[in-house]
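Shared chain: subunit A. Partners: subunit B in the first complex, subunit C in the second.
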Partner chain A sequence: MNKSRTKKLIRVTFSYIILIIFCIISIYPVSQVLTVSLRPADRLLSTSLEIIPDNATIANYINLFVKTDFLRWMWNSLLITASVTLTGVILAATAGYGFSRYKFVGKKAAMQSMLVTQMFPATMLLLPMYIMLVNLGLINSYLGIMIMYSATALPFCVWQMKGFYDTIPSSLEEAGRIDGCSQFQTFYLIVLPLAAPALVITALFSFMSSWTEYVVAAQILQDTAMWTLPIGLKSFESNMSTEWGLYGAASMLVTVPVVVLFLVLSKYLVSGLTLGSVKG
Partner chain B sequence: MANVKLDTIKKEYEGGVVAVKGVSIEIQDKEFVVLVGPSGCGKSTTLRMIAGLEDISSGTLTIDGKIMNDVPPKDRDIAMVFQNYALYPHMSVYENMAFGLKLRKFPKDEIDKRVRDAAKILSIEEYLERKPKALSGGQRQRVAVGRAIVRKPKVFLFDEPLSNLDAKMRVQMRTEISKLHQRLDATMIYVTHDQTEAMTMGDRIVVMKDGNVMQIDTPLNLYNNPTNKFVAGFIGSPSMNFIDGTIFKESGMKFIEKGTQLSVDIPKDKQKLLESYIGKEIWLGIRPEHIFAEKSKSSRISAYVEVVEPMGNEIFAYVTCGVAQLVARMSPMDIHTGQKTDFTFDMSKAHFFDKTTENVIR
Partner chain C sequence: MNQTLRQKIFIFFLVTPALIILLGVVVYPFVYNVIISLSNMNLRHIKDWEIVGFRNYVKVFTEPSQPDFYVIFIKTVIWTIVNLFFHVVIGVFLALVLNQKEIRGKGIFRTILVLPWAVPQLIVALTWRGMFNYEYGSINQILGKVGLPAVEWLRSPTEAFVAAIITNVWLGFPFMMVIALGALQSIPHDLYEAADIDGASWYHKLRTITLPLIKPVMVPAITLGTIWTFNNLNIIWLVSNAGEPSDSTHILVSFVYKAAFNFYRYGYGAALSMIIFFILLIFSVVFMRKTKVTEAVY
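Our next item is the complex of A and B:
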């Protein structure tokens, strides 16, 4: 009895040690960015390990709003990301359902070709997509970048949604059809609410893939008024010097929407929602 | 309520697999009909075609005189209870039961009344606010039945609704569904692979095999007058004993088992039936309760008792006689495993089946 308790204690202690190490590894860079953002201009290169430095100041945050186009970039990023997320969720939710439930010619080929697109890094697709956007007259436009982001994020999202729909028993939809649902109502009233965890993952994936993207945006958005946050942040860096204070402050603020989104959506990430609906 | 008519209904899947091969059944208004058969016999497919969940390849389905082949499930005025309950997990019990009525735009008061009435009948009033995951298997199945009865449909369809319940709950729900049928006076079509459920619940039973209807009759008629060897063997527990043998005519008519260890006299009233089978092989069918452990002049059945299963009020004795393996259902008595005993058949209750067609010889 005592031996097994000791074993358990060792196991729990070991788990905590590992978890704490990983937490420190994850949090340390963020804490350093916070420190840099709060340092006065004359102490930027200090080697001090204090998280809140001596003479801490929010001057960098004020300058960010007063002296740069940070709010404009934030708005651009939010607009593009929200559109890409919404498009991704709507298209993936419907396409995934189609792939999961219907039989049609070319279904397997379509699924596999979507998988193949995921094997190429986005930078490889940059040139052909750039040429396509030039031909369509969509360079330097919100629509152009939205199409680029949606096209690269969608295949994964469709696969993700299809996989989840496959786990929802079709007898629920049959019960719905007998209860009086139309085809669309079956999808909207029965399947979609059950697919909430997958929708959340799809939304987060779409959001993250466009919120932090730099390479594609840098090629397509040439007008400074259309810049997104990653391009804007990069502009703090020049050949002669880098404004690390502003960079740090901007980096901290960029994470806010992401953190908020994770906090709001985390409760939907709990799977097993279908528990109790059918025996199996 | 309504009558349901299936006229040479056929179901052929892509790739040429035929699940139902031209089934014709006429179900009367307020009748409780059970479709029974082994796995893959096409009973569930037939039910799903009635529900509109499967397309009908050929034949005609009419409900209340109206052809329903191409009518979507929601417009057939039917309700279905699924084997796996198929309750909507994101809705409470109340919402599950009210869902169909809401879609049909019933007034709120009417919905509430119907849901509460159904909940009262099924004793699930206290669970109305719970989600399905917080219910036991039996309670979930009651909710599934409740969801069907609130709609007051023309026809109720049950697809093996008790298969996922434990033995005790199954017996309880069986009685409750039978009571419900009497109370609602509705047309009900019930699919099961369990012949006990079929025998105890159905006004009539449809026995199916390999996509064909073998026999449609009342439970007792199926038991006493099966039309073929399959029905005779499927209905009844333990199953009817089948003995492979030949008819001989020598000082009366005799049936002699293949291994010649078993010989019985054919009663006079059955001799005429078997006249054309003299010298030919047939199947003799005898139910376990028509075998007795006693010596008789009219039969020579000396068998070796292999296993005795005491059931309390009766025993099942598994015996070997020549190449024939038989089971006898008897009153508890002094009979032991390994014992050699004389048995006798009540030949007035015996059935004879043609060896080739397996149909009963009439």
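Our next item is the complex of A and C:
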């Protein structure tokens, strides 16, 4: 008995060591961004490994707001992200429900084609849509980028929501119908609240993908005043002279809201991410 | 109004908006992409293009570019396999460690371990690029501290490719970990108790209970992960700064992005996009057939 207890102790100790090592690996690159953002201007290319540098300063953060268009970019990003997330969640919540509960012509084909869109390389939609937006005069416009982002996010969102609705037993709706609810009421009052974890995850993914997207935005938003945060951020990092201080500060301000949101909502990840209703 | 008609109207309002959008922004561009791939469209012929048949497809396979299609294809396969291997192995391993009942503070560990997933990919890529810097980057600083020679991470082809893989492994393992955790939690506990009574070893339980039971959840995740990794433009593009040194650090998707948007070879880019798409389509169909897991989806 004593022997198995020592064995268990060794196993648990090793488990903690492994977890702590991986936690350090996870945190370290993020701590680097913080370090760079706090470095004073004359020590940006320091070789020190400290996390909080000597003479830490918030000058970079101030410069970001005073000397660059950061606020403007943030406004652009907020506007675009909010619209895309809202559209994505509403459409996915309704369409996913339709796909989950009802049979109709073309349902299987539509589900399959949504899965197939995941296999499109980025350029497959980007190139034709880019030419289409050029022809429609929507380059450098909010509408153009919103269309692009909705297009890429929607299929996965619908799939994800459909998968979650599949796990909700339809006997609940039948009970609601007997109690006199209309079809819309059963959906809105009974099913939707139960689908909250999936709605949260769908919203989170839409939010994250458009808040941080770079390669599509770089083609469509070419005017500095229309830039989103990622393009502005990338502009600090160029081959000739990287503005590490500004880059670090901007990165922190872009990352912190996403990370906080993600970590707060991460308890829903396990239940909300269903990968298309495949039950374990 | 009769019942079935009302139901039909309800379904119509639920599904139609999403379908119209998908038709407009997925189906239409797809068809348009096919047309572009058969045309001679480029910067000089953006309005007066004409259909030239399969010339662009032939070019993809035969044009002696530096590097050529086959080299990049093999690199893409290596990129995908190496990344997925580490994502799944690290992810499942951490999930197993974290799922032991003796571990305290599970919530805190899980929260910290999903951090790489939470950080925007753009920032991940640029930050790691900074960390791989030869003189100032912390990777070489750390290598120096333990007495290893500094590595020219970003200036030589192989090292730059390895740097991109390290970055992508870092950001990808939490996804697999979360999926595996979800799957592990759904395994009924009495299975292990029964195995314990039979005196099964730890390894035996892993092989006969844990792995088979998380497989139905892991396979779709791996399929999606493969597709996403194969098509992950962000990391390779940003870590290698558009394929540096001298276009030797490309996977297919970054190569086609460069052809289309830096060299304005629209026809060629569209043809290469189609080829990438078909490679993935064939892979997914074969993989899904073999593993038979998504049958329940429809």
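Note that the second predicted complex is superposed on the first by the 256 of 280 C-alpha atoms of A that agree within 3 Å, B and C clash if a C-alpha of one lies under 4 Å from a C-alpha of the other, contacts with A are read in each partner's own complex, and residues count from 1 in each chain.
Here is the rule we use: a residue touches a chain if its C-beta (ideal position, glycine included) is under 8 Å from a C-beta of that chain, and two chains touch if they have at least 3 such contacts.
Source: prediction; values computed, not measured.
> For A:V36, decide between first (touching subunit B), second (touching subunit C), both and neither.
After superposition on chain A, A:V36 lies in contact with subunit C alone.
> Would you sort A:L263 into first (subunit B), second (subunit C), both or neither based on which partner it touches?
Touch status of A:L263: second partner only.
> A:A225 contacts which: subunit B (first), subunit C (second), both, neither?
neither
> Would you sort A:A110 into first (subunit B), second (subunit C), both or neither based on which partner it touches?
After superposition on chain A, A:A110 lies in contact with subunit C alone.
> Check the residue A:L194 against both partner chains and state whether it touches subunit B (first), subunit C (second), both, or neither.
A:L194: touches subunit B, not subunit C.
> Applying the document's definition of touch, where does A:V66 land relative to subunit B and subunit C: first, second, both, or neither?
Neither: A:V66 stays clear of subunit B and subunit C.
> As a test of reading the superposition: which chain, subunit B or subunit C, is in touch with more residues of subunit A?
Partner with more touched residues of subunit A: C.
> Return the residues of subunit A at which the contacts from subunit B and from subunit C coincide.
Residues 273, 275-280 of subunit A touch both subunit B and subunit C.
> In the complex of these two chains, what residues of subunit C are touching subunit A?
6-7, 10-11, 13-15, 17-19, 21-22, 25-30, 32-33, 36, 41, 46, 90, 94, 97-98, 100, 102-103, 107, 109-124, 126-131, 135-136, 138, 141-142, 145, 170, 174, 178-179, 181-183, 185-187, 213-214, 216-217, 220-221, 224, 227-228, 231, 233-234, 237-238, 241, 252-253, 256-257, 260-261, 266, 269-270, 272-274, 276-277, 280-281, 284, 293-294, 296-298
> Would you tell me which residues of subunit B are touching subunit A in their complex?
51-53, 72-74, 78-80, 82-90, 99-100, 103-104, 131-135, 137, 140, 147, 151, 164
> Considering the complex alone, what residue numbers of subunit A touch subunit C?
8, 11-12, 15-16, 18-19, 22-23, 25-27, 29-30, 32-33, 36, 45-47, 49, 91-92, 94-95, 97-99, 102, 104, 107-108, 110-111, 113-114, 116-129, 131-132, 147-148, 150-151, 154-155, 158, 163, 183-184, 208, 211-215, 219, 230, 233-234, 237, 239, 242, 244, 247, 251, 254-255, 258-259, 262-263, 266-267, 269-271, 273, 275-280
> Within their complex, state which residues of subunit A touch subunit B.
Contact set of subunit A toward subunit B: 169, 171-172, 174-182, 185, 190, 193-194, 273-280.
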